[in-house]
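Mind looking over this structure? Questions follow.
Chain nomenclature is as follows: A, B and C, assigned in order of appearance, with residue numbering initiated at 1 for each chain independently.
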Amino acid sequence: MSIWEKLTAIPREIVIGLVIISMIIPTLNPLGLPIMTGQMAKDWYNYVEDVPEGSVVLFDIGYGSGGYPSLGPATIAVFHQFFDNNLKVIIMATAIEGSMMYPLIMDVVQPETKYGAVYGEDYVFLGYIAGVQTAMAGVLGDLPAIVTADYLGTPIGQIDILEGISGAEDMDLVAYMTTAGGTSEGWVYQAYSAYGKELLGGFLSMMTTSMKPYYDTGQLLGIIDGIKGAADMEYLTGNPGDAIQSSDVLSFSQTLVLIFIIIGNISYWGSRASRKEEI
Amino acid sequence: MAILTPGRLTPLVAFVLAWFATYYAIQLGKQGKIRIRRLPGLDAIEEVVGRAVEMGRPIFDIIGQGSFTDGYATQTIAGLSILSYVATLCARLGAKLYAPQADTGVMPVAIELVRDAYRGEGKLEELDVEEQLPYLSSEQFAWAGGIIGMAARLRPAANIMIGPFWAESMMFAETFDRIGAMQVGGTARMYQIPFFAALCDYVLIGEEMFAAGAYVSGDPQQIGSIASQDWYKIAALILSIVGALLATAGVTVISDLLLM
Amino acid sequence: MDYKRDIPLAITFLIGIIAVSDYYTTFESVKATFTIIKNWGVVLAAFSLGLGAVNLFRVHGRRISKRASDWYLSAWLLVMMVLFVAVGLGTGQFETSSQYTWVYGALFLPLGATMYSSLAFYMAYGSYKVLRARNLDAFLLFITAVFVILGNTPIFPANVPGFFYIREWIFTTIVGGAYRGIRIGVGIGAVVIGIKTLIGMETGYLGRR
């Protein structure tokens, strides 16, 4: 087997093994490699900075354990910004596991300790609401009809932040993080198309291609795309966390993948050339 | 009080026209006036089943994680049409079919379709539903992990994946490719089409999978109905070009019309 | 008349027309009827979850009783199912209890995150194997992939911002245009298959041909 043929068929174990090593090195020894913050995340950040204090934000946790590594850090950074700007946050979950994500996020954000926020006055979690777009339509159309108690079972009539909140007209901004295509587009239909609400969306990087047209047309005012967007938000909000650390991992691992792709092509053409010579 | 929901007049008109177009296309199909191009992905299904029989290895047909109540119901229905066809071929040719299930609402329908196919070929006794159409999980990666495990143990000769897929599409395509299975992939979920296109031997992109049921049945009426999709696409293309040119010139009549 | 086929088809048509009317019209009676139908759907989905659980017990119980290969993994699955249900119901607080949160965070979250993250390795090896410029189409795919990776990898745009803007251009014009075209086709295809379902031409969902 010529060197070209060997390079064309590098065993899976070697490729994946080297990718793992490229991820472990920067994890154990963060290098602080530079990152360039994207415009979509900047737009998200700048928009929220301009929202007046006391404005009401509806936030949807639309992901579960699979999306947590990417969108968890993004949600944490976003919540830091919300509480830092004294916004009132109504949190809901359209993903079944979203209600399991909430305590994980709040354990890091610690709104009471870091920002003096009070549950029930400055933020509330409504829990999982079934139905995706049906849930969105219900919350935006008539929240008290669809939600009778919060996550802890407290009737909404006893929750200060929800006083006077009947639906979309009482909310200033809608934001969400999701790994589901139906949810990401659903908010555009239900919040923007139906009520003209300002909308911010966060999702996995692979979904950005499909959702970017909404950003280009102004239906989405900002996008956080996956771990890269999360790193941007951590940088912009001044709360470095897992996402910025992961940027080093991204830089290393994706560079390695690029090298393998180039090796694959060089070896493919090399083996073709050497076969022609033999003929 | 308005009868129509605001902003939905144009979609309603388009929907009604689609009814007429579909009906007319079916009539043309009955008269044998509609021909559709070959879809290599669907033609290949008989080939992959035959390959499985020759190699003495099973065949997988994965219809995705969709249900009948979400936005991907149409893709699930397309996947079930193919499952029925594949089950018929497997029963006829003697290949062992595995079709792991993810949705408890779709599962009874899938089981009934496969039973019906085996019964039609007189091979019902060869079908073990609990082994061949097991419910794995509604949880995405539990289902994906289960299928990857089954593939690693059973080493199928062929894998047909037509339906709505999410992140697991790449996992399936790569895993089955690694074990040497011939693959036919099709989905209308755009995020996943690139993975199928890159790794599957045959791929159905987007609306090609909606033609699957009609194509494999060979029924002239069904084939005729596919023509109405193409007429609408031509209309969309013309509207897009004309609208873009007019909008560039500052005339927004097309976009205003579409927003009515 | 084939009652087994025609009655379900008639029900499908009726409910489909109600659903379409709910979307296009403002009649309160139609909206109220469709809301009831959607609620029925939620109840049916809940019952079908129970069906799934029963199926799991049957399939894996059979594997355990027959001592099939890796039967202990089936036993582990059933133990975990019972554990999660017991912890959730036992405290009476379901997923809000600290015990359930702990079990979820210790078991389910790492598994789900790991499976999702394992995509990176599938993509890495898949990219190496597939992105080879064998012909013109493959070459275009290769070049596009290289520029997208260069734009996505944080270190490259930080040093050469041009990579980021090239990636943005690829996403906005080439990929965006292609996606919109496919999206239009998919939407039209879905409408036609919906119409075929309503008129009874598409009967796959009935479980019989």
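Basically, a contact is a pair of C-beta atoms (placed from the backbone, for glycine too) under 8 Å apart; a residue touches a chain by one contact, two chains touch by 3 or more.
Worth saying up front: this structure is predicted, and the values here are computed from it rather than measured.
Chain contact topology: the protein chains form a complete graph, every chain touching every other one. When the C-beta pairs in contact are tallied for A-C and for B-C, the bigger tally goes to B-C. Centres computed as Cα averages put chain A at a distance of 30 Å from chain B.
For this pair, chain A with chain C, the centres built from the Cα atoms lie 18 Å apart.
If each chain is reduced to the centroid of its CA atoms, chain B and chain C end up 14 Å from each other. Those residues of chain A in touch with two or more other chains are numbered 12, 66, 209-210. For chain C, the set of residues touching two or more other chains reads 111-112, 115-116, 123, 125, 131, 179, 183. Contact with two or more other chains is made by residues 141, 167, 190 of chain B.
Chain C meets chain A in the complex at residues 38, 42, 95-96, 101, 104-105, 108-113, 115-117, 120-121, 123-125, 127-129, 131-134, 142, 145-146, 149-150, 152-155, 157-159, 161, 164, 171-172, 175-176, 179-180, 183. By the touch criterion stated above, chain B contacts chain C in their complex at residues 1-5, 8, 11-12, 15, 18-19, 22, 26, 67-69, 74-78, 80-81, 84, 103-105, 107-113, 116, 130, 134-135, 137-139, 141, 144-145, 153, 167, 170-171, 173-175, 188, 190, 193, 195, 198-199, 205-207, 209-211, 213, 221-222, 225-226, 228-229, 232-233, 236. If you check the complex, the residues on chain A that touch chain B are 12, 66, 132, 179, 181-182, 206-207, 209-210. Against chain A, the residues of chain B that register as touching in their complex are 70-72, 140-141, 167, 178, 189-191. Contact residues of chain C toward chain B in the complex are 20, 23-27, 41, 44-45, 48-49, 51-52, 55-56, 58-59, 62, 69, 111-112, 115-116, 118-119, 122-123, 125-126, 130-131, 141, 179, 182-186, 188-197, 199, 201-202, 204-209.
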